[in-house]
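Alright, structures below, take your time with them.
Each of the next two complexes has chain A plus one more chain, namely chain B in the first and chain C in the second.
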Partner chain A sequence: MSDCTSHTSEANASIGRMSRPEAFTQNIDVSTLVDSDGGLIDRSIYTETSIYAQEQRRIFARSWLFLAHTSQFKKPGDFFTTFMGEDPIIVTMDKTKTIRAYLNSCRHRGVRLCRADAGATKMFTCTYHGWSFDLAGALQSVPNEKAYPEDFDRKQWGLIEVPNVQSYKGLIFGNWDKDAQSLEENLGDMRYYMDAMLDRDPEGTEVMGGVMKWTLEGNWKLAAEQFATDWYHVNMSHASALMVLSPTGRGPKAEIAATPGRQFGSENGHGAGFPTHPKSRFDARPVHEYYDYEALRERLGDAAVEGPMTTGHATVFPNFSYLPVNGSIRVWHPKGPDKMEVWAWVLVDKSMPDEVKDAQRLYNLRTFGPSGIFEADDGENWSEIQAISHGFVTNNVPLNFQMGIGSERNDGTYPGQTSELYSDAAGRAFYRHWSKQMNTPAWHERTEQA
Partner chain B sequence: MTEEVVVDQLVDAELAYKIQQFYFREAEMLDDGHFADWLEIFEEDLFYFAPLRTNRLRRQAALSIGREGEAAYFDETKESLAWRIRRYDSGMAWAEDPPSRTRHLISNVTARWASPTELRVRSAFLVYRNRLQTETDIYSGGRTDIIRVREDGSFGVARREILFDINVLMAKNLSTFF
Partner chain C sequence: MINPINIGSIDDIDEGEAKVIPSDETGTGEDIAVFHAEDGNFYALNDNCTHETASLADGWIEGTEVECPIHAAKFCLKKGTALCMPATQDARTHKVEVSGNDLLLYPNVPAEPVEA
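Up next is the complex of A and B:
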């Protein structure tokens, strides 16, 4: 059985003679706001409402967005509600055990259809007038249906379905573009780096109960970009946490702080960085002791075990990030230009004994949960970027992404273009792709030739 | 303890007063930033737990409070709390530098005997945090403590379950204690 499941169907939103005026969707050319080669970013991309709206159309409505983990669905009717960009989404398992995703909005008058975060159900019934939809999204019952015109057809009023839902090693992603490049193709070389977390165990991964959710002042890209490209902040931002975690209580040794490593940046905007120093591990001791490193070397290769399996960071463009060291997987949901909502799960290997899973869980919560000793200092930085960035002069001063310009190369060991650990290369790649997507019409803009 | 203890019965006025003062002194320590002193109110085998709360359909409401062993806001031992407190003392914990201003308000205290030497005490809290210029957070919730009454009559918190009245945490972090 392939680990990549796929399901496509037609979104059926266009009914009657409805269309939207062009004035709603005036697009801004962002090419002068992002200088990926020169390493400069205009701060308006974090603050402008019009750019934020364009991101909803040209980034979130056409990219592969993380929805949920396969272990959240065990039997038909299990559901989980989330967002794709600002669009509310129901993810559920249908009767054939296929994972499907729908817009969480009643087709009748638009109420949020499902108000629970997760659960199990046979039908999604709207609490406003009682329109009721089955697990395949079909409109099954309409109270007083006889009063509708003769040509009213329930088949036309099923839930709007996300046409493209695919998974990679337990991670389920959705894309509103039915013709999008497949998830695996889009991930490309990024799969190698993801496998270092997702494929340690032949049984795969699972998430432990619950999603930690918190709000933050800060544009979503500040977090996504940092997880793609930024090992540079670790020694400064997380100085207190590193000190507490280090065996001496005085912080990591200089040789560990100055560790070598690599940073991968993809043409599709994905990024991952990791030290390659064999002693730079910061994972929980029971997890470290559990792993059979010889078997892992066999399974993943030496370079993966000595690199991206250790303490590292990564972002799958646009807003899914993870940390291999503690199984934190998270989405940065955009909530307006100035706000994001962080949703974070605890990922563990399925075969881990319970006490090892628990050690991973505790380490995850205590370092990168909302009370985590690392997380708090990241959040403070992002909110303090955002809080001052509406000043006119402030907003006009570009930001620096110049570290490691020209250092990107194929090093013969790690797939794709990689740079040094301390580099902005993946950040430049992230914004290069962002800029390209922002300047390219999306599927919903392709007008039919008359 | 010489008095007759009836499990689940509310404690007498004198003990209720002592518990209340115990909580007020705890709140003072937190608001004054005396975290190392605060840690001493806990027993060595402490379990300090703040589960997540999810929106569930009423028929599945039993699942709305996260269980032990799941993701949580806090899942701590005395040692892990000490770890967090040491971080503040490092001088490099930037999320609390400059420090926030907090006010822990504790009320609705009910104390019942859980065993001849332990109390089950429920209380409500409203914690106000004001940070930097205008950042303001309000954390509301309830606590259920198991408090050991020691031979000398002093108290030690052995277990604390904190139930925040939230679904999505409406703050950028939890950098104070409850």
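Up next is the complex of A and C:
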């Protein structure tokens, strides 16, 4: 099995054939809103509509965005619908068994072509007038086609394809920029941290059941940033959950509450943090008993087993996050500056016996997901931040990301620049990259200038 | 008397699947789809949907009906009857016979009337 697959298409020379006035795409210089060296963030980046619109153009239209897991597609015609930023997307397996992604909007009058969450089909047919597209995105049928002008060419009206689809160890990502740096290069050192979850089993991973979806008040970055950088909140926000899970019922021992650990931050905005204390783990017992830790040490190395394989957290910039301990993988879909939709899957190793997979699924539901005792704490914090952020004075008071400033270094054990577990280093890296992307024209702007 | 054409073994078409016999073999000027329905029997209709251009053989076979893969019109495999919009014209049926292991198609001979 190869670690990576990729599919690029030349389908979209331009997004559309009409030109738009510049007033639609006025860009804001965000350099004064993010002080990633000094650790200050202006709250307007979570609330301003114009910044949110710019994110759609300069973050979501040009970043590698998680689409789906390869195990969701077994035969041609299997499909899954999702979003890239606010753009609706169909992900499907074509007749050559290649994973392809299309804008889920009919080329005729724009209706969402496929409204099912997932399924199997032979064609994607619009429910409005019946334009019908095959698995390769080609327009195959136009009712009453004879009434169209002579120069009407169905070839010109195929689905808008996501030109760059690549996968890493089962995780499929899409990018609207066909010339984007490859997914693997973009992940860089982050792959080491991801492998601690994705590469435990030589057979790879699969997702179980469907996708849990819920809506939260809160800007998408609040969640993405926390999963990149924030172990700091654990003992406070999750105090009651930690007490329930501890053997004594009074919470973890002091040495575990103050566990050492590392936090990785990437120049591409990715981040991961993890304790390195051997007893700081809260995995499900059947899963813990299933693993052969000696074999894992041989496969992944001691440092990965003692670090990122444990109770860690991580974000792949911009909005894909995961938790190795319970196999939660999730996307924070932006739904306006004030709202996000969380889509969460349960990831398990393919080789796990069914009862271990099921134990992981149940453990996942108890801890994270809409009914999870940890997830509820996090959602409450993000919604609380957002709910007050539109106050004029409130909005003008910057937020603090100064923990561990200057602590980033190469520690000789963990790849890339790492800081302490309790640190805002990956958060600063996340916003540094966000700010850079927001201030750099994207592929669609370069096309316009050419 | 029209001679049937031998279109192969009954094992060539799994239940719930269909096979297209191209027009140069059918001699009718039209492709014919031969369906292996979920009642275990074989039926044949003109392959092209009566609504727009679409291969019914690519459609979904449910019981003794086929649903067009493009606009979801349904046809009775036994009688060719158009069962729902957007199709308004029935599909043409052709007689199919099983002889031993062989499937025999009688192009342009309507399927014998059966209880729907």
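In this section, the second predicted complex is superposed on the first by the 438 of 450 C-alpha atoms of A that agree within 3 Å, B and C clash if a C-alpha of one lies under 4 Å from a C-alpha of the other, contacts with A are read in each partner's own complex, and residues count from 1 in each chain.
Everything that follows uses one rule, which is that a residue touches a chain if its C-beta (ideal position, glycine included) is under 8 Å from a C-beta of that chain, and two chains touch if they have at least 3 such contacts.
The shown structure was predicted, so the numbers you read here are calculated from the model rather than taken from an experiment.
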**Asked** Would chain B and chain C fit next to each other on chain A once aligned, or clash?
**Response** fit
**Message:** On the A-aligned overlay, A:N27 touches which partner chain: chain B = first, chain C = second, or both, or neither?
**Reply:** neither
**Asked** Where does A:L365 make contact in the superposed view: on chain B (first), on chain C (second), on both, or on neither?
**Response** first
**Prompt:** Regarding the shared-chain residue A:M123, is it in contact with chain B (first), chain C (second), both, or neither?
**Reply:** second
**Prompt:** Which touches a greater number of chain A residues, chain B or chain C?
**Reply:** B
**Request:** Identify the partner contact of A:S71: answer first if only chain B is touched, second if only chain C is, both if each is, neither if none is.
**Result:** neither
**Request:** Please indicate which partner A:N395 is in contact with in the superposed arrangement: first for chain B, second for chain C, both, or neither.
**Result:** neither
**Request:** Look at A:E341 in the shared chain and tell me whether it touches chain B only, chain C only, both, or neither; answer first, second, both or neither.
**Result:** first
**Item:** Overlay on chain A, chain C to chain B nearest C-alpha distance, Å
**Value:** 9
**Message:** Going by the contact definition given at the top, which residues of chain A touch chain B in one complex and chain C in the other?
**Reply:** 121
**Item:** chain A residues touching chain B - in the complex, by the definition given at the top
**Value:** 115-121, 208-217, 237, 239-241, 243-244, 249, 341, 344-346, 358, 361-362, 364-366, 369-371, 373, 375-377, 379-381, 383
**Request:** Sort out for me which residues of chain A touch chain C in the complex.
**Result:** 121-123, 125, 130, 132, 140-143
**Complete:** Note: in the complex, chain B contacts chain A through residues 51-52, 54-57, 60, 63, 66-67, 69-76, 80, 83-84, 86-88, 90-96, 135, 167-175
**Asked** Which bits of chain C are touching chain A when the two form their complex?
**Response** 51-54, 58-60, 69-72, 86
